[in-house]
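Right, I'll just put the structure down here and ask away after.
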Amino acid sequence: MQTIRLKLREEVAVRNARIPVDASSLTPDKLFGKRESEIKAVKVWWGNREENTGELFDVSVEGEAGSAEEVKTVMEGDLSRVKHIGEGMKAGEIEANSDVDMHCGAMMAGGRITVKGNADCWAGREMRGGELIIEGDAGDNLCAMYRGEMTGMTGGRVVVGGNAGECVGQYMAGGEIVIKRNVDILAGLNMKGGKITIEGDAVMPGADMTGGEVVVKGKVLDMMPSFKFVETTTVEGEEYKKYQGDLAMTEKKAKGVLYVR
Amino acid sequence: MAIELLIKNGVVYDPINGVNGEKKDICIRDGKVVAEVKNPTVLDAKGRVVMPGGVDVHAHIAGGKVNSGRLFRPEDGRRGSEPKTTACRACSGYSVPNTFATGYRYAKMGYTFVMEPAMPPLAARHTHEELIDTPILDNATIPLIDNNWMTMDYVKSGDIDLLAAYIAWIIKATKGYGVKVVNPGGTEAWAWAKNCDLNDAVPHFDVTPAEIVKALAEANEKFEMPHSIHVHGNMLGHPGNYEMTLDTYDLVKGVKATKDRPVMHATHTQFFAYGGTTWGDFESKAKAIADYVNNNEHVSIDLGSVILGDTTTMTADGPMEYSLHQITGRKWTNHDVELETGSGITPFLYSGKVSVHTLQWAIGMELALLIKDPWKVALTTDHPNAGPFVGYPILISMLMSKKRRDESAADMHSAIYKKAELPSIDRELDLYEIAIITRAGTAKILGLDAHGKGHLGLGADADVAIYDITPEERDAGKIQKAFLNTKYTIKGGQVVVMDGEVVAAPAGRTFFVTPECDPKLTEEMMPNLKDKFEHYYSVTFANYPVQDAYVPNPYEIKAPMRG
Amino acid sequence: MFVCMSKKRIKMGIEVKLINGRTVAQGSNLENKLSEEYFNAAAICELNGSDMEKLGVAVGEHVKVKTNAGEVVVKAKKADGNPEGVAFMPMGPWANAVVSGNTHGAGMPQFKGMDAKIEKTGEAVLPVKELLQGYMK
Amino acid sequence: MEVTDVVCPLCGCVCDDVVVEVEDNKVTKVKGACAVGKSKLMGHGRITSPAIRENGILKDCSYDAAIKRTAEILAAARRPLMYGWSSTVCEASKVGIELAEEIGAVIDNTASVCHGPSVLAIQDVGLPSCTLGEVKNRADLVIYWGANPAAAHGNHMKRYSYISKGYFLPEGKKEKKLAVVDVRETKSAKLADVFIRIEPGKDYLVLSALRALLLGYEDVVPEEVGGVPKKDLLELVKMMEETKFGIIFFGMGVTHSRGRHNNIVNAIQVTRAAHKHTKFNIMPMRGHYNVNGFNQVCTWETGFPYSVDLSEGYAWYNPGETSSTDLLMRGECDAALFIATDPGAHFPGESIRHLSKIPVIQIDPYANPTTEFADVVIPAAISGIEAEGTVYRMDNIPLRLRKIVDTEYMTDEAIMKGILKETRLLTLSRRL
């Protein structure tokens, strides 16, 4: 195992303007095989200029890795303006020890990311595989698509310990999302596959669904007026009302399933 | 001091001047081809293939619907992202590239002229604004004139002279190049969610599409126009449409051209060469179309050949785009334009695993290979409808290599062996023929050969493409690569591409035609036109015409009226 | 209805959905925002008559509008086009003092349908310059 | 002197039939414009001189000095924002985009707090629409949803929609129906044949119900949706089905409410569902006269309509991240240039707070709340009165604004060119 520690320097995080750092080049699979000095020389965008990683982060490397799977990147400091953490990563592990900024785990295909705080918008955007654990809250558009695309998350697993924002899993086609607390409006919007479990409350879930499954264990506020009640059924030992939708997409396409208590 | 360039040791393909693969030097001074130079910068082509700059007869590169395509497809935008360089602005887009990428990517393929073939007259300023921002390429644009209420008024009254006065006025008002026809009558019908066959009456206007096409061809030939009418007929993309296509060609058979060229250019013919009655029994009718073109002299065509993959379809044929959107369920934009035209846009994926798409893919190439005379055929993909223009090199390599066609067909839906001709066609185009269908012939079809385009004779524009292959090259992959990125592209005597990279991006010129109508006819037509503005247009007569500011680099072609 | 206690007296307040939007008077002074006309056109809150009764405010008296994002004092104006429980403020710096910058990943603040509380106040309506100075601190 | 066919530089209607009297190089009379347009054409007090803030006080300076100072600020910035562009011409925007590329800025226009959500919606489902003349000639059903043209687009009904006469509707409003959907009874609502009042924030639900009804699934729709009785929705659906040509005009009542762009997606989906019965269109009521023009130029030049981040050399588009409100609220920017806009008046207080911490440049004809905290102030000629150029109406029709009086003020385009030139000198020397 190899552990790469990247601690964001305080002078980067705390300034008059809080200019974001683009960490997409610092995934375990991209850093695999690099010596400490080489990691420090990896280019990172900070605003409109490219800097060496070593100028923005304190870098240290422990141990050896035989493959990208054996690389763990531990990110420290105030990461609330570090974007694209773990974006596109295929293997290895990232542990982020604070709140993280947007696009954490976007387009991730494998490996594991653990965020020890909140994750801002677009975490897990277009995720294809791997595991993303957010211990705090997730922002809006969790596991959604990029603007204009018809496909969001297609695989992998995401767990949010707290609340999540609007449009969780928009255009989701596969994989699994679990939200431990509440979600804001339109969870599962345009969903066509996969499963979203919301352990708390949801507002207008399932709009324009054509497939997949949304389970709301708490209350549903503003139930969509275009879903068809199918039957009362039992899920994991609890009684749920099963709805089919969204009929606003035409009955032929309305293959989404929504379970409501 | 004169700027001089000498291209040495190239193997030149210049069909307009009958030059077929001759080792020949080309002298350039002040942007023109000349007989000799004194103190030139020398480019050694080292036996590589040299051709005049490419001339695209039909590609949707600028204007309202192209921009609506870009605007509603950020997902396509990110697919073509490239950072700025010292010579180039930032680029984006694949099927709907930004204007800068359009200029650069064409130049890299050795193209130096592109025709934007569908300008809504009311939004003409928009098309010109984008052409201004499209670097390197010389350009022109054709206004849509077939669904216009003014046009239909005169078709109904049978007054071809007044129709000629109107088309002269609108071509001048829009700084346009000719007469474009798109689903005549059908686009007007689409304003009520309807469509028209060739012989249906247009709702409320009491004329038929057939009458519109014939009248516009006649009106166009009242002037010495460089280009014939440019026609996208009725029922594009519908199974069984080939008969209507042939009927449309036949409409203008008796019309006499004022110049040595056809009287109709039938565009993206692939979409009009369909047999069958449904998508189920859909089949290629390319042979029927090719037979007609082989036996007649009054029609030229371009291919509209398919490039497999995702693209953005866009046309003034509103009802067609709606049908397509109904099939795919993908996003759909429509924009009807008062008194004139309309447009629709929807993304589309051509897949080699789908029988219909496979046949469409075959039909475009069948047309190119079954029509014997390459001067009647232009290579296009109806960019971006059948695929983006960056797919041209794929198409060129296919047309030049039966082996490559066979290899590709083997990976595609088996319908290609049952319902298409392509697998049985052995013909391979040579470089001379490729030069005809991509520059020499297209320049002639557009009447640009008389204005320095499409050839390398004395006095021609010094637009030159040097491809990094020798004439002996048979490897389709290498041919494709060479046609995607030139060794050098020279535009107006300036090297703009070197080793596949854009090194300079000068502004292009806009070619427009001024039909010189008899003022008496114009005067007679004017009250009807002004009445339309007074009561039905939402802009005033005074604010309608395109100001000179929108054509900062003009090239005017005068078209005298035939006596 | 909620009741909030202050040291000296009981203030009555109402909970509303707050809407921002354009008006002719505000639009006519877009190029004239440091003027009194603009102040009169934009530093206002339109309320349904019965909501005004509940608050005990008359036309022209001051109200304080509060949301999670901030608070602002403006003049009350009657507009019975508003249903009860819906308050309207013309677009401008006063309305924006109480708009949250959270765009929910869409780039657009929620200018309309905000949860707000309105109460009568004796505090002054700040002129635009002073309102802006408040952000500079 | 009378000037005819003047193009009004106020709202997205871009009326081009205004008549203006000019005496002694001043506009003295305006005919044919609405009250708001007339007010602008008649003129207001102006910023008199370029100025730079020193020790908290704006001090007059030359154009050259103000442009140079602007260039220094922008060239030094690591995350500059360039925002506005909706009340100026496309020619100025083009230079702005080139400058944004040069300095690696985020460039954004006021759509981001206006109809930005409409753009996001179009990117999801497209936009079945038409030009305003189509509406005038054909539309026998006009629906304003969350839009109040009586206040915001004074001539809209008269020139283009309910009150206009057209080819197929020569009798005008006698042959048409008007429906208004809003959360309050606006002036526009008072003119309507049908007014549907919905609860704030419930547009999305009501629109989904309409789709279900238009598609024939009456049985699943509950008796009341978003405060609207089902029978009222059925009445609206009947009107939509029976029309020959219908149009929905939607305003910021929809884009500014809970659901934002997804409300618009749903309204467009309603249009598509109605298209199964008849011809149906939908159009955003764009606010400023050239808010659309910037979106058009930015799209053909960068590939994306607004909120374009050029910091890494290529265009990255992601409203919600790269949009001005977010950048400011999150404190990302270290310099800001505002042109032809007034964030001081139109941004949420939370976003304005950050502007007090960073250098701010304002380019505008008029003093306004932004002037209160701007560090460089550059007065500009008024487009459409003192300068000509291209604008795009709400229905994408490009028109050329006229210059009707002379001015000493520099135009936006000239100012931007000056800044670009000075900035290039600085960035070039930085590269060397």
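By letter and in written order, the chains are A, B, C and D; residue numbering begins at 1 in each of them.
As a convention for this text, a contact is a pair of C-beta atoms (placed from the backbone, for glycine too) under 8 Å apart; a residue touches a chain by one contact, two chains touch by 3 or more.
The shown structure was predicted, so the numbers you read here are calculated from the model rather than taken from an experiment.
J.: More C-beta pairs touching across which pair, A-D or C-D?
T.: More contacting C-beta pairs are found at C-D.
J.: In angstrom, rounded to a whole number, how far apart do the mean CA points of subunit A and subunit D lie?
T.: Chain centroid spacing, subunit A to subunit D, equals 33 Å.
J.: How many angstrom between the C-alpha centroids of subunit D and subunit C?
T.: Comparing mean C-alpha positions, subunit D is 24 Å from subunit C.
J.: In whole angstrom, what separates the CA-based centres of subunit A and subunit B?
T.: About 45 Å separates the centre of subunit A from that of subunit B.
J.: Report the inter-centroid distance (CA atoms only) between subunit A and subunit C in whole Å.
T.: Between these chains, centre-to-centre, one finds 38 Å.
J.: Subunit C: which residues touch two or more other chains?
T.: Residue numbers touching two or more other chains: 104-106.
J.: Give me the residue numbers in subunit A that touch at least two other chains, ranges are fine.
T.: Answer for subunit A, listing residues that touch two or more other chains: 121-122, 140-141, 146-148, 167.
J.: Mind pulling the residue numbers of subunit B that touch at least two other chains?
T.: 72-74, 77-78, 331
J.: For this structure, give each pair of chains that are touching.
T.: A-B, A-C, A-D, B-D, C-D
J.: What residues of subunit D sit close enough to touch subunit A in their complex?
T.: 77-80, 103-105, 120, 123-124, 202, 204-205, 208-209, 211-212, 215, 217, 220-222, 225, 258-259, 262, 266, 269, 273, 310-312, 317-321, 330-334, 354, 357-358
J.: Where on subunit D does subunit C make contact in their complex?
T.: 11, 35-36, 39-40, 44-45, 112-113, 116-117, 120, 148, 150-152, 154, 183-187, 189-190, 197, 199-201, 252-253, 255-258, 260-261, 287, 307, 319-326, 328-329, 342, 344-353, 355-356, 365-369, 371-373
J.: Which positions of subunit C touch subunit A when the two form their complex?
T.: Answer in residue numbers: 104-106.
J.: Going by the contact rule set out above, which residues of subunit D touch subunit B in the complex?
T.: For subunit D paired with subunit B, touching residues are 4-5, 7, 16-17, 90, 94, 98, 101, 119, 122-134, 136-138, 159-160, 165-168, 244-245, 272, 275, 278-279, 281, 295-297, 299-305, 310, 312-317, 390, 392, 396-400.
J.: Quick one: in the complex, what on subunit A touches subunit C?
T.: 121-122, 139-141, 165-167, 184
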